[in-house]
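Labels A, B, C, D, E, F, G, H, I and J are assigned to the chains in the order they are written; within every chain, residues are numbered from 1.
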Amino acid sequence: MDAAASRVLLDAKRAKRLTFAELGELIGRDEVWVAALFYGQARADETEAAKLVSVLGLDQALAIALTEFPDKGLGPVVPTDPLIYRFYEIMQVYGMPMKAVIHEKFGDGIMSAIDFSLHIDKEPDPKGDRVKVTMSGKFLAYKKF
Amino acid sequence: MDAAASRVLLDAKRAKRLTFAELGELIGRDEVWVAALFYGQARADETEAAKLVSVLGLDQALAIALTEFPDKGLGPVVPTDPLIYRFYEIMQVYGMPMKAVIHEKFGDGIMSAIDFSLHIDKEPDPKGDRVKVTMSGKFLAYKKF
Amino acid sequence: MDAAASRVLLDAKRAKRLTFAELGELIGRDEVWVAALFYGQARADETEAAKLVSVLGLDQALAIALTEFPDKGLGPVVPTDPLIYRFYEIMQVYGMPMKAVIHEKFGDGIMSAIDFSLHIDKEPDPKGDRVKVTMSGKFLAYKKF
Amino acid sequence: MDAAASRVLLDAKRAKRLTFAELGELIGRDEVWVAALFYGQARADETEAAKLVSVLGLDQALAIALTEFPDKGLGPVVPTDPLIYRFYEIMQVYGMPMKAVIHEKFGDGIMSAIDFSLHIDKEPDPKGDRVKVTMSGKFLAYKKF
Amino acid sequence: MDAAASRVLLDAKRAKRLTFAELGELIGRDEVWVAALFYGQARADETEAAKLVSVLGLDQALAIALTEFPDKGLGPVVPTDPLIYRFYEIMQVYGMPMKAVIHEKFGDGIMSAIDFSLHIDKEPDPKGDRVKVTMSGKFLAYKKF
Amino acid sequence: MDAAASRVLLDAKRAKRLTFAELGELIGRDEVWVAALFYGQARADETEAAKLVSVLGLDQALAIALTEFPDKGLGPVVPTDPLIYRFYEIMQVYGMPMKAVIHEKFGDGIMSAIDFSLHIDKEPDPKGDRVKVTMSGKFLAYKKF
Amino acid sequence: MDAAASRVLLDAKRAKRLTFAELGELIGRDEVWVAALFYGQARADETEAAKLVSVLGLDQALAIALTEFPDKGLGPVVPTDPLIYRFYEIMQVYGMPMKAVIHEKFGDGIMSAIDFSLHIDKEPDPKGDRVKVTMSGKFLAYKKF
Amino acid sequence: MDAAASRVLLDAKRAKRLTFAELGELIGRDEVWVAALFYGQARADETEAAKLVSVLGLDQALAIALTEFPDKGLGPVVPTDPLIYRFYEIMQVYGMPMKAVIHEKFGDGIMSAIDFSLHIDKEPDPKGDRVKVTMSGKFLAYKKF
Amino acid sequence: MDAAASRVLLDAKRAKRLTFAELGELIGRDEVWVAALFYGQARADETEAAKLVSVLGLDQALAIALTEFPDKGLGPVVPTDPLIYRFYEIMQVYGMPMKAVIHEKFGDGIMSAIDFSLHIDKEPDPKGDRVKVTMSGKFLAYKKF
Amino acid sequence: MDAAASRVLLDAKRAKRLTFAELGELIGRDEVWVAALFYGQARADETEAAKLVSVLGLDQALAIALTEFPDKGLGPVVPTDPLIYRFYEIMQVYGMPMKAVIHEKFGDGIMSAIDFSLHIDKEPDPKGDRVKVTMSGKFLAYKKF
């Protein structure tokens, strides 16, 4: 799905005043996954695509775009948007510590970013609400050959 | 704390067969935070530093290194280690979707990577255990001026 | 807000011979914040957007663009424009010294660039006027977890 | 001054429990300038160098290092330390807006980063103390030739 | 395992005139995996490490290095060695075609580089022997969440 | 062949619900080679081009584009698409080990990426199907001169 | 001034067979400064802009473009055009020597690139004419603060 | 000549309180050329080398280093030192204008950076002394073949 | 000459089934030089331009484009096309050896890439034809000043 | 072979006042190939290595270093040494033209940089001697699969 199709979807969502959460409920998916779909980072099946295009009042031809295998990866080598950069910073600052703890708990391997889910929740807090990000990825052990 | 001091700490931990979780219990901190400390990405107070150096059987002079303000950020622009790279990939693939959902839920602002915590848990799963990463950062709204 | 919308706003401002300071007074914001808004680096609320679009004699449809969550970060990795480069140079030359002094005064943490304001004043000086830039960001202490 | 000399100075300062502010008072300079000197980003005259080396209890040979013309610029193209990165982010986000406002107020030219000073103050605030950074640089108008 | 330990292992292998294939037979692993181990890109268990260190006539202390969790990824962003570069070129030239064919055959997902093996064989050919590289990685389907 | 022509070919293939394997059978080539052709990374002769354009129901003018000498190399320095990145990662992690084993088996030289073929097969596996990639490139010995 | 406006100016200059020197005489500026203006690297006042647009037979609307504050800096990080690259090479080869000599002659500071002029002359020479480039920039001494 | 030899020469020059201008007079060369030699960017003949080493009171073995063919090019891709950066900025801002004027005056070709000289003079000026840099390079016309 | 003009020339050449060698004969230039001209890397005089445009059956307006001073340098920092990359690789592998031999034979200086010619010949060889590239550039000795 | 061994070889060659041409005659190789060997870019057999080490009066242990499989590729992404840069520039300026001519003469494929030789000759010329570089590489046609 190219950037133009993505733009059409996002504009329609805005015009309909729908949230990603509402769209997610419609097709039984998490709001982050739906957002990933709208930014061309995930792939819907035909039923999901049809439902979304329909609720947004868009041409069914767009449904085809939603079922393409996307070319993933959104942006510049180092992100400049402050919100996205913070995740880059977390990787820079906590990357080695996470690696050490994951190895200690699981052995040599990685957390999958494919067999993976990511949720975002709002944690009310009197000192200021908090953003809670929960990632869950299958542990993949290095195969010895 | 420089790389040499970091190496000494990690070697002593290995020789004592201590885990980051055990060291964390000793000082009442999460294992990830302790790992961050050992990799020169966090700063201990004098009590914490003294306890850690003591249990590792190291010279108290090292405790001073643990209380320095670290120069943070560990590595190359794009990480090459596969485990760490996956977090870079998550930022590349899910960065814009996370941005969209956080803005939808909180407004214009970011998740703090400073007033922030990160935990790693093992989720047993018959299809293969999963790595669960939980991040919690204060939402910081953009100040209008 | 995309670059085309930004261009329309800047051209209208030029045609109306309005300054950022005048536009700032109109909505009770600093001229730098208004400039940030016009360059797609900040987000107005609906009232602010309507007022600005109106005084510039532009279509209210543009007001919607001003209320989008912007993708922030303007430019190349190292800026080539000499005026902007000087701020990059200040970061290169005075970055570590500022870090040392801020840590000495506040402890381990950072100056927020989100809960943040920036003003520019003209300091008359017989040897040549001076540009005064005043930044004020909340100190965010590193949370231990 | 090379990194080793810088390290010796910083270690001595730490051992003597002296702040940059105290060292600045000693020679009548701002704490930020003294920090710049210690990180090899500024140049002392012989009197200043002698006083500093003396109060730190170091060999006068080090005073020569402090009077060398430094090779300035401290670090990686994009800083990874979060505190320093925020200044890079400010340049990315507010660079064009600052340029627009400075041109509007002063005409075509730049703020000098040479005929320049930088101060850091603590602003007490019930919602959390703030870091105030004040820069003052001479406006340099582009010469037409 | 650091570069110095890697050098010691490779020098001992050379001095003993042992091939990676012979070392692989000793521990029941493929020659490529053993080479990966020697270059600090894989992790042996204690038995494997002890056997290898022993046959190479090296100190058992080196066996510990072989059982560390390695920091993987060897080199520059774009490799300059012509043999290694050809694999970069294959990714540049055939990356999108491989992506298209794998998606066509398997759906949305990737070939794992962790649950993965790689073998190198010599294919005799009258027009010049050929290098045969066989990779086998588990297909990982993108999880919808 | 430019990106627009590539897009037309891929859209026609999709509309006709043809696989690369079916197109490959039509002209007696491997599906990966056909995919390379469609992405502008290989060059067809006139007969091949005519057959493909015909079965896709496209204008014969496109056949000329398929017989141009392509400018090869598809993308960014480090790929961001996860599927393609894994091949970059394999080069980063196994590049030196492959080099060592190829030199051990063949002497000083490289595997050609020109006199080269690449096949992708599906290996059924009860624990999850596997992607098998088989590369075969002529060994080219360094000429001494 | 954008690249399209620049193109129009350069094409008109070519069509009128005017040199930068002749245009410079018209407004009392150096030919290099006029070239900088045409490439969007300098800013004319309204009189200069009107004269130039008039002699080139262009629409007065273009005069507005010439009076904008330009975004300066023309090109890639390392220039590829051989003529421009030689100035990059001079900076690479003679940068440190020039720094040393300027410090020796002037003290700690820089040559301004803003309060600056640059002229190009032809030096006839029997062994081949020479290009003479004369730069003159105000010395700016580092302010101690 | 490596960096260590360069350091020895510069330290000796400092200790003897000699300027590059004085050393230049000794061997009949410009001060910039002597500085280039000391930074390993030029090559002396044996007589020049012997004289310089002698006046600096250094071992004649260093004279050999001064007669080596240097590997030229001093530093990072984009210089961070403000003095040197200004020459990079001049290339960024005035590169295309200089190219246009040189082509207009000389035709298609370049200014040589090899058959080249560079002088630095101090221009007294009541508004502040100026740095004058004069470059002279042979014009090299592109050969048609 | 921009990329569009280049495309028109190459398409016309293809349609007329003319080789660069034939075009070269027409104007008495080498085929490589003519190719350089068509790719916007060289500049024709008016006679050459007129002849070429005429034989290609194109509008004489294109002849003007061929006489512009081109902005040279074609592509990405590291080329991805395999044929062009091999010349980058030759520079990486044989750059220092060539430097050493040229200095040994000629002294301190370079081979000009301006007063330069380049020819490509086919060397028949029973083991496979060879590409012969002959470069001839004037030796330019470093001027001492 | 590491840089230290390379240094020893080059210093011994210098001390013995031997040229690469003389060393080449000793083992029947071209001077460029010998230089490549000395810079760690080629691999000698044992006889060649022994002869070279012997004539240079060095320890036979160095002969082993000369028979290692070198990690090839010498330097920075874009070379800064002017002599080597010119070859990078030739690739930038003439890369596409060479590609076009080679394809026209040979079809789709490349010139090998492995089955390859490179010679450097001095062409006397009254207007200044010329450097002649002759490359000969086997044409490798793209294999269709």
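The rule is short, and it goes like this: contacts are C-beta pairs under 8 Å (C-beta built on N, C-alpha and C of every residue); 3 or more make two chains touch, one makes a residue touch a chain.
Everything numeric here is computed off the predicted structure, so don't read it as measured data.
Novice: Note the shortest touch-path length, in steps, from chain F to chain I.
Specialist: Tracing touching chains, the least step count from chain F to chain I comes to 1.
Novice: For the chain pairs E-F and A-C, which is connected through the larger number of C-beta pairs in contact?
Specialist: E-F
Novice: Look at interface F-I and say which pair in D-H, G-J or E-F is its repeat, using the rule that over half of the contact pairs are identical by residue number.
Specialist: More than half of its contact pairs match F-I, so it is D-H.
Novice: At what distance in angstrom does the C-alpha mean of chain J lie from that of chain I?
Specialist: Whole-Å distance between the two chain centres: 23.
Novice: Could you work out how far the Cα centre of chain C sits from that of chain E, in whole Å?
Specialist: Measuring from centre to centre gives 50 Å for this pair.
Novice: If you average the CA atoms of chain A and of chain E, how far apart do the two points sit, in angstrom?
Specialist: Their C-alpha centroids are separated by 32 Å.
Novice: So which bits of chain F are touching at least two other chains?
Specialist: 32-33, 71-74, 77-82, 85, 89, 92-93, 99-100, 103, 109-110, 112-114, 116, 118, 140
Novice: Strictly by the criterion at the top, what is the full list of touching chain pairs?
Specialist: Between chains, contact exists in these pairs: A-B, A-C, A-D, A-E, A-F, B-C, B-D, B-E, B-F, C-D, C-G, C-H, D-G, D-H, E-F, E-I, E-J, F-I, F-J, G-H, G-I, G-J, H-I, H-J, I-J.
Novice: Would you pull the chain C residues touching chain D in the complex into a rising list?
Specialist: Touching chain D from chain C are residues 19-21, 31-33, 35-36, 38-39, 41, 72-75, 77-79, 81-84, 86-106, 109-113, 116, 118, 120, 122-123, 125, 127-140.
Novice: Chain B touches which residues of chain C in the complex?
Specialist: Residues of chain C touching chain B: 29-30, 32-33, 42-43, 69, 71, 99-100, 103, 108-110, 112, 114-119, 140-145.
Novice: Where on chain B is chain F touching in the complex?
Specialist: Touch list, chain B to chain F: 78, 80, 82, 85, 89, 92-93.
Novice: Taking the complex as given, what residues does chain E use to touch chain B?
Specialist: 71-75, 77, 113-114
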